[in-house]
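One chain, chain A, appears in both complexes that follow, with chain B as partner in the first and chain C in the second.
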Partner chain A sequence: MIDFGYTLNPSSRINLDNFDRNKFEKLSKSEPDVLLCIGCGSCTASCTAGKYTDTSLRKAILSILDCNEKAAVDFAASCLLCGKCTLVCPRSINTRNLLLSITKIYGKKQ
Partner chain B sequence: MKHANKNIVIIGGGPCGMEAAYRLKNEGMNVILVEKGPSLGGHLACWDRLFPESIKADDLLDILKNNISDVNCFLNTEIIKMNLRNDAYDIELSNGITVLARAVLFATGFDIFPAEKKEEYGYGIYNKVITNKDLEQYFKTGKDERIPANPKNIGFIHCVGSRDEKIGNRQCSKVCCATAVKQACEIKERFPDANVYSFYMDLRMFGRHYEDLYYKAQHECGVRFIRGRVSEISENKEGKLIVKAEDTLMGKPIKITMDLVVLMAGMKNSEAGIKTAGQLAVLRDDDGFFNSEDSFYNLEKSAYRGIFFAGTCLGPKTIPETINEARSAVLSIKEYVESFAND
Partner chain C sequence: MKDRIIGGYDNFVLPFMAGVIFLGAYLLIGFVRILYNIPSGDRKKLLISLITPKTILKNIRDIICDCLIHVKIFKRKALLGYMHASIAFGWFMLILLGHIEVALFVPERNGILYYPVFYRYFVAEQHHTIRGGFFFFLMDFFLLMVLSGITLAIIKRFRSIIFGMKRTTKPSLADRIGLYALWSIFPLRLLAEGFTAGISGGGFLTNSIHYVFASFFGNDLNILPTWWAYSIALGLFFFAMPFSRYMHIVTETVLILFRNAGLKVTKPRKGFAEAEIYSCPGCGLCIDACPMNVLKKNVKYSSVYFIRFLRRHNTRKINEIAQKCLMCGKCSSICPVSIDSCGIRQAQRETITNILPYDYGFLKKPGLYPVPQPDCSTDPGKEKVLYFAGCMTHLTPAIIKAMTGIFDAAGTDYYFADENGGLCCGRPLMLAGKTRAAREVIEANTKMIMDSGCNTMILNCPICLKIFREEYSLKGIRILHHSEYIEELIQKKRINVKKNNMSYVYHDPCELGRGCGIYEPPRNIIKMLGELKKAGKERKESICCGGSLGSITLNYHDRNKITEDSLDSLIINNPENIVTACPLCYKTFGNMAEIPVMDLAQAVNKNIIKNKQI
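Take a look at the complex of A and B:
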C-alpha cells in the first residue's frame, strides 16, 4: 500500500465498560482505603519523588479506576516509600501499603 | 378598640406552610392555609427517605399533618385576587371564599427543574433515564417499569438544571449533592451487584453528617465518584445508555454503558408561587427566587408590609432549614400583628 504519510491515532477515550471489577475487588479487599481517596492531591504535593518523577498515588488510584493499569503501576513505581503522604492524607489512607498492593496486584509479576 | 384582625393566610401546604400554620395557631392567630394541590405535604409527600440519617419522609409528614388537624386548610384552592386595603389584604380564593388577612405568608416552595429541558440527557426520550424524584417514588412504591431487574451499571448525574446558565439557572440547588449520595447508597443496598457511578462537579457536603454520608457511599457502597459533567447520553441498539463525560481529574474523556441513569434535577422557584406573587409585584432576583427586605436580618420579610416569606421560595434549602424559617417567619408575623393592637 502506498504510504501517504497519514496516521490514525488510537482513541484516548477511556471505556469504563472495560473496568476489571474482580481485580479491583481484590485490591479493595486488601486495601479498603483505596475507596476513600477524594482526589485532593496532598499526597502528590508532599511527595519527595514527585518533584523529579511522575509519582502520584492520586493518579495511580484514578488510573486503576479509569482502566489504565499500566499507568497506575508507573505512577507507583518511582515511590521511595518515605511515608510523607501518609502524614498528609486527610482520609488517613495507608498510602505505603496501598502503593505496594497496587504494584503487587497490577504489576507484571503477580 | 376595633376587633383585632388576626387572620393570616399561608400560601402553600408543604412542610413550610404546615409548620408555620401550626406555630401561628399556637400564637392565637386565625390561620387559613391555602394549597393548590389535592393534598398537603408538597414535595415531601413524594419522597421516601431524607438525608443524612435516612429517616422516613412519611414520619415527618405525619408529625406536620397531625399538628394542624384543627387548622383551616383549603385544598385544590388558588388565590384569585389579592389587594391591599387598610393595612390588610383582601384575598379572594378560587373556592369563592374571601378573607381579609392581616398578613400573608408565602410558603410557595419550589418546582423541580423539568429535566426534559436538558435534552442532551434524554429524559422522556430514553426509557432508562429517570430523575431523583422518580427514584424516590420507586423507593416508596417499589414500582417503576423503567428500572431493570438487575442493573449492572447505574449512574447519577449531578447539577441537572443547576449551575447552568444555558438553561437559565445559575444557582446551586444545594440539596441535590446530598440527595444523590443518599440515593446512591440506597440503590446499592437494593442492587448490591450493581456498579454505582456519580458524575459531579463539586460535592457540596455542607451540612452536619453529610460528609459521613459521602464517606459511607465511598467506603461501604463503593460508589465511584467521577468529577466531570456529563455532556450527552445516547441509546445503543440494546436500549442501554451510553454516557459521555470527561474525568477532569485525569483530563481524559470517558465513555460508559449504563443500565439506568438518574438525573439530579435541581430547584427553581415555583411557577404557581411566582404567579400569585405577581399580583403584588413582589420582586424576584436574577435566580427567580423572591427578594427579602434584606438577606441577613430580615430574611422572612418582603419589601411590603404584611407580606412574609419562608422556605424554598427564597432559594434552595433543606427541610430543617425550611422548618426553621417557617418558625422565624411566625415570630415576625406575630410581632407585626401585635403592632396593630395599640391602634
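Take a look at the complex of A and C:
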C-alpha cells in the first residue's frame, strides 16, 4: 500500500443488536462486581502484563458493553492473574474472577 | 471356658456377617480403584516404601499415633482427644483381646469371623481361672473405656462448646445412621454380656449388671434379643460406614501409607485425593479454624463440607466451594488427618480454568527483562544477589525503598531484576488452577534468573517464595525470603540494628508460615528491635489477612470482615506496631489498622545503625 501519510481508523460503530444479553447476565451472575466498574483505568495503569501487551481490564469491560466480544477476550488473554488490579481498583472489584469469567463466558475453550 | 453352642453358630450373627461381607467387598473394590487411579510412578513409589524398613517403622508409628491414640487431637484439646482415643483404642483392644481369648480358650474356633465378637454368647465358664479372670477384667475395662468415649460423644453432639468447639458438623443421613448405630453398639454389648454373665462369667462391669438386672428383669429370656440387637447394630454400622464419615476408620491407614510413600494429589476426585476424601472423619475442627467463617454464611465453604460434596459428586457445589477458599492452609495444618484440602481444591480449579484460552506469546519476545551487567568477578565464593521484588511489592514502594536501604547498608552488590516491572512469579496462576499458563511464566522467569548468573535470590513476597522454592528448578541458587536474609546479615554483623522501646506484634503471612515453614527468623529480628508481643492466634494458627490471592470468588466485603478478625487477634495484647513480612498483608492491614503497620524490612531499615564512615 502506498503511504499517504495518514491512516484510516477502523469503524467504531457500535451495533447494539449484537449485545448478547444472556452472556452478560451469566457474567454478572458469575461476578456481580462487573456492574460496579467506573472505567477509571487504574487497573490498566498498574497491570503487570500491560507492560508488554495491551492487556486491560477496563477495555475488556468496555468492549463487552460495546458488543465486541472478541476484543474483550483479547484484552484479558494475557492476564497473569497477579492481583495488582484488585488492590488498586477504587471500586474494590474482584478483578481476577471478573477476568476469568470473561474468558470463560466469551472465550472459546482450548 | 468351653464351647457352649453346638456348631458354634446362631442365626443372630447373620446381620453382623452381612455387614462385614458388604464392607469387605466395598473396601476391596475401593482400594483397587484408588490404586488404579494413581500414576504408575506413584505406584512404584508406594511399593518401594512398603518394603523400606524406615518407612515401615514410620507407618506403624503413624498408624498407632494417629489412628488409635489420636495424638494430634490430644495436643489440641485433651478432652476431645480422649473421646476419640477411648473409642478407637478401646474398640481396637476389644477386637484384639477377643481374638486372643478365642486363640487361648477355644482354639478350634480360630478364624471364624463372628466368633470373637460374640464370644461370650458361645462359651460357658466351667471354673474360674486367674487367666480367665484377667481377660474378664481387661475386656470390661476396655468396654468401660469405649462407653466413656461414647458418653462424651453424645454430650458433644448436644453441647459442643464443652469441647472448645464453637461449631460442629451437621451430620448427613448416613452419618446419622452410623452415629446412632455406633452409640448403641457398646451399650448393647454391655447388656448382652451382662445378661449372659451367669453362663459365660463376667468381669467387674458385666457381672454387676448381671446381678442388678437379675433381680427385676430375669436374665435368661433377654439373652437372645440383646445379642440380636447387638448384631443388628453392628451390621447397620458396617452398612452405613462407606457412606458416612466412619469410613475414615479404615481409609486413614491407607492414607498414611500413601502419604509416607510421598504421594501427592494429582486428580481432584481420584487416586490419592480419593483416599484423602474418605479419610475425613468429619471432626469439624476445620470449621472453627477457617478464617472465612467469621461470617456464618461462609461455614458451608469449610473443608469438611467440601469433602462431603466431593464424596457425593456434586460438581456444582464442589466448584463453588473450591473457588471460594483463601488457600490459607489453616484447615490442613490443624486437621488431625492432615488432609491436604488445598491441594484438592487446586486440582479441582484446574478442571475449570486450565481449559480457558490465554495468550502468552509476549513471553517469547526479547526484552522481557533488562540484560544484567555481566559480572566479571571470578571468585566463586562471592555473593551475587538477584533481588526480585514481585508484583505485590511494586504496589508497596516503601518496602522496596527499605530493602534497597538495607542492601546499601550491608554493602550488598545486587541486581534488581524487576526494577522497572517484570513478570509475575506464576503462583497466582497456579493457585487459580491455570497450571499450563503458570508453567510458561515459570519457564520465562527461570531463563532470566539462570542468565543473570546469580547465586542468591532475595524475595520480599512469600507468595513468590513458595513457588520459587517448590516449582522452579534453580540449581545452585539459594532462594531466600528477606526475613532470612536480614537475619543472616545481622548474624554476620554486616548490618547492626539498635533496640528501641517500641513493642511489636508479628503477623505470620499464610504463605510464609504454613506455606514455607518460616516462623522464627522474623521473630528473631523483631526481638532485636524491640519487645515482641504475642498475637491471639499465631504461627500455625495465624489468621489470614483477608487479602489472599488464593480465593477467586470471595468479595471485598467478606475479605474486610476477615481482615478485621485478623487484626483483632493481632492487637489483643496492645502492641504499638504490627509487623508483617508480606507486601500483600502489609497493604491489606495498612488500609484498616488503627496502629502503624510495617513490613519487616521497614522496621529493620528504620533501626539500622548507619556506618559512620559513609
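We adopt the following convention: the second predicted complex is superposed on the first by the 97 of 110 C-alpha atoms of A that agree within 3 Å, B and C clash if a C-alpha of one lies under 4 Å from a C-alpha of the other, contacts with A are read in each partner's own complex, and residues count from 1 in each chain.
Convention: a contact is a pair of C-beta atoms (placed from the backbone, for glycine too) under 8 Å apart; a residue touches a chain by one contact, two chains touch by 3 or more.
Note that the structure is a prediction, hence the values are computed from the model and not measured.
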Q.
Taking chain A as the common reference, can chain B and chain C both be placed on it without clashing, or not? Answer clash or fit.
A. fit
Q. Regarding the shared-chain residue A:Lys104, is it in contact with chain B (first), chain C (second), both, or neither?
A. second
Q) Which partner does A:Thr48 contact after superposing on A: first (chain B), second (chain C), both, neither? A) second
Q. After lining up the shared chain so the two structures overlap, which partner does A:Leu62 touch, if you call chain B first and chain C second: first, second, both or neither?
A. first
Q) Just chain B (first), just chain C (second), both, or neither: which does A:Leu16 touch? A) first
Q) In the superposed arrangement, which partner chain does A:Pro90 touch: chain B (first), chain C (second), both, or neither? A) neither
(Q) For the three-chain arrangement built by superposition, which of chain B and chain C touches the greater number of chain A residues? (A) C
(Q) For A:Ser78 in the superposed arrangement: first (chain B), second (chain C), both or neither? (A) second
Q: Note down the smallest distance between any C-alpha of chain B and any C-alpha of chain C in the overlay, whole angstrom.
A: 14
Q) Which chain A residues come up in both lists, the one for chain B and the one for chain C? A) none
Q.
Which stretch or stretches of chain A touch chain B in the complex?
A. 12-17, 19, 21, 28, 32, 35-36, 39, 58-59, 62-63, 65-66
Q.
Considering only the defined contacts, which chain A positions touch chain C in the complex?
A. 31, 33, 46, 48-49, 51-53, 73-74, 77-84, 87-88, 92-94, 96-97, 100, 103-104, 107-110
Q: Going by the contact rule at the top, pick out the chain C residues touching chain A in the complex.
A: 323, 352-353, 355-362, 365, 368, 391-392, 394-395, 421-424, 426, 428-429, 432, 434, 441, 547, 549, 552-556, 584, 587
Q) What residues on chain B touch chain A, complex-wise? A) 195, 197, 215, 218-219, 222, 224, 227, 247, 249-250, 252-257
